[in-house]
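Note that chain A is present in both complexes that follow, paired respectively with chain B and with chain C.
Up next is the complex of A and B:
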């Protein structure tokens, strides 16, 4: 009787040990993103996106988003989005193993808003916290979704423009913008001719560009491995109203010409980085990365080189919470944790500042 | 909920402001302190902010050169505090340690 009882207990212990090992091997990570005008919270378990709700702060045509207004937007919806993320994943706070949030780069006030909630829930739920570099989030999400192994990465968004390749525990920046981001150039052009910001200025430019027929020559500014967009923006700001009012070209022609010019520049520096690294894979990430014309142009270049192109759609290209969860998951599994006192946000945070502890 | 001790000008000519925030228990007060502490003041100089804990009360003390800078910092702190409190209400109570 007593022997059987002991045997039974032993089994229970074994099962508990097994369950512990199982949950540690498949950690569930929640990711909080809010570095620009999107607020997103996503949950990832072992490479599977369990939920990824998002809200976008959309401003009227002709207006950009300011830090304090954007923070107010995020503040108003963040707890609802968090509730949605848990409900859609069918999880309780007790199921979460780690809380990841964007440490930077981005706009200060929105970053703080999101970090405050991440810090608070991590303490309420008794889980470790992880500060994630936003750019690394994009790269790791792109790698997860496309299964690209070791691609040359073109990261293009409203705040960033970089060509990146992995080498010796860093994502190294091979080329980047020397002034404004390509997405910023597109967004600000949209403001000049009052294109709607709903769902995004870039999406509306892309649709209008399809109807453009005349190519208007614009400055082409590749400088070695780097690119510059501010001169192109000034040029198009100055000439657009004159050319439009005199009927020399249409708004659609300008959208088309701007896209062709800036995307050619990006394809050129990406190709040069591939040649440097001997790489046969390209991964496009960031909000501008869901532009199908950019993907098409990059595809032509890749085909010529016998390389493979990887890209994702707007769910994962555009800022979202799951990308922060995914990068957080990689960091967490490799043993990283951010102590609360080190969890300050930072507006500037370069991609190559992070030691990549999760890749060989 | 919060006891405001008000704005005074001390001998050094600095403006001071202090605030006491009582919490249900010291556990919640610690969580709020640790959530609100990590980020530095956005501007360099002209303002000092100190967060301290005694039991279940979180105390904040500001010293600033100008009223405008003080007002911005206090306002932003109150916004942050209310977000932390609302998060605790919706996603608390804290798990037992």
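Up next is the complex of A and C:
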């Protein structure tokens, strides 16, 4: 019922729409993202972000977000966000040439919720659909905003930690975490000492770390171009309350030391991949990527190697709709579409599973 | 502190030629007592906290020297350690002359399929020997193996290098992860070589006396990777 306001139908059969869109000089793509606790819808026209509104599901301190609660949150706000996206872009549904949505990876229930709405509007509007790999969305958005050409990509978020480089039609994963993601490690540490989740645990850790001074040694685990964070997390889970109550260090010191340690590991594996691939560009994407200390450390490393660093701010680093639109736009342009019967979602979807048809 | 170390290493390294800046070290070419050698200097990484930096550089220099010696004793081809300076974290190594990295060799595609198969079989055998000695390399890639091609009836020689992340362990889990790290580096560096890598593993299994639990762990770690749902 509330879908009504966008019930504007294109009076064309699908095949014509595709042809039209291909011939159109500037296809307009809308992207739906909701694989974790953010729900975002963005509209892109030929590399220009027309709108990109977003909402975040924030849980109380000490708590993580559960799939069904997160899906409920997304359901409650998605139509409002959609309306905002269209209004801010100054567009009508008839102006949209393609609907892109996150196919995976991510949490099942939120993915399903968002895909359902994307499928519905695509049918209402008579536009083709495109299922997008979330990680590819981050990479393509980063490339668009920073104009990095062929960077080594560090993709760091609540669910992912990967070092990626492009070769022969795939984004290949050179290094990754062998257990939990770096963002997950930070989030769970925040829960241990009850740091607020508003606006995000990582942001609050970053602010507290600025006031820390004493470096507490923590486990440091790099295996080739891979990393492991579970050892650090269990060490700090076991030790933090003891260290805090005995006055050995402060909460700020722990935030500082944790950041220094895990970010050093990330910069190190990025540098390893660069040396291995002979690359002179780094692009940081994903939610943890907006941490300024991480960007600063990466910048120092790059300078030492004569390499260039590219990073974006929280608007594009953190999950958002425009990134799905942008990857969708690249896919669409290269002739891909997702048929309705193939428009399912998947919790597991590796970055290197996608054939990159839009790059040489 | 820092200036003192820098001075030390610069005294050591005057008149030498910078060969390459690797990920964690600078490599210089020089002569040590008349022999062609490579100096591997773990210089300060300014991006990381000095306390962490000192610890890592020192630990890795130590590990590298230890594992090279252990491998050498087991008859695995590695560069000879000529001299170590722990105050500046410099290792003087034998230069493996007339060699190229296995990565370059595979990428150059100068070799036939048969040659590639022989090469990966040789790699499998060497890794089996290394793991049977409980040396976990920690950074197995095709960049960290040097090949000195053989001529006519001389067989080609394969050297393992870069032991900075190595350690000693007899656990199948550690060996399995070591192979997993190699597998990922191998397949991402050399696309569509799955079959070739299978051959490498086969020769590892055939050559190692303790391979069964290692391969089981490798499968487990692979599965963990594929199962990870990767939210966010």
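We adopt the following convention: the second predicted complex is superposed on the first by the 337 of 360 C-alpha atoms of A that agree within 3 Å, B and C clash if a C-alpha of one lies under 4 Å from a C-alpha of the other, contacts with A are read in each partner's own complex, and residues count from 1 in each chain.
Assume contacts are C-beta pairs under 8 Å (C-beta built on N, C-alpha and C of every residue); 3 or more make two chains touch, one makes a residue touch a chain.
Predicted, not measured: the structure shown is a model, and the values here were computed from it.
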Clash-or-fit label for the pair chain B, chain C on chain A: fit
Which superposed partner A:319 touches (first chain B, second chain C, both, neither): second
First (chain B), second (chain C), both or neither touched by A:357: neither
Touched partner set for A:79, first chain B, second chain C, both or neither: first
First, second, both or neither for A:160, with chain B first and chain C second: second
Contacts of A:172 with chain B and chain C, given as first, second, both or neither: second
Greater chain A contact set [chain C / chain B]: C
First (chain B), second (chain C), both or neither touched by A:334: neither
Partner chain(s) touched by A:63 [first = chain B, second = chain C, both, neither]: neither
Nearest Cα pair across chain B and chain C, whole Å: 14
Chain A residues contacted in one complex by chain B, in the other by chain C: none
Residue ranges of chain A in contact with chain C within the complex: 35-36, 105-107, 135, 157-160, 165, 167-168, 170, 172-176, 178-179, 181, 183, 215, 217, 220, 222-226, 260-261, 264, 267-268, 271-272, 274-277, 286-287, 296-298, 300-301, 304-305, 319, 347-350, 352
Residues on chain C engaged by chain A in the complex (per definition of touch): 21-24, 45-49, 51-52, 55-56, 103, 138-141, 143, 165, 177-178, 180-182, 184-185, 188-189, 191, 221, 224-232
Of chain B, residues touching chain A in the complex: 31-32, 34-40, 42, 79-80, 83-84, 86-88, 90-95, 97
Contacting residues of chain A [partner chain B, same complex]: 75, 78-79, 82-83, 93-94, 108, 112-113, 115-117, 119-121, 123-126, 340-345
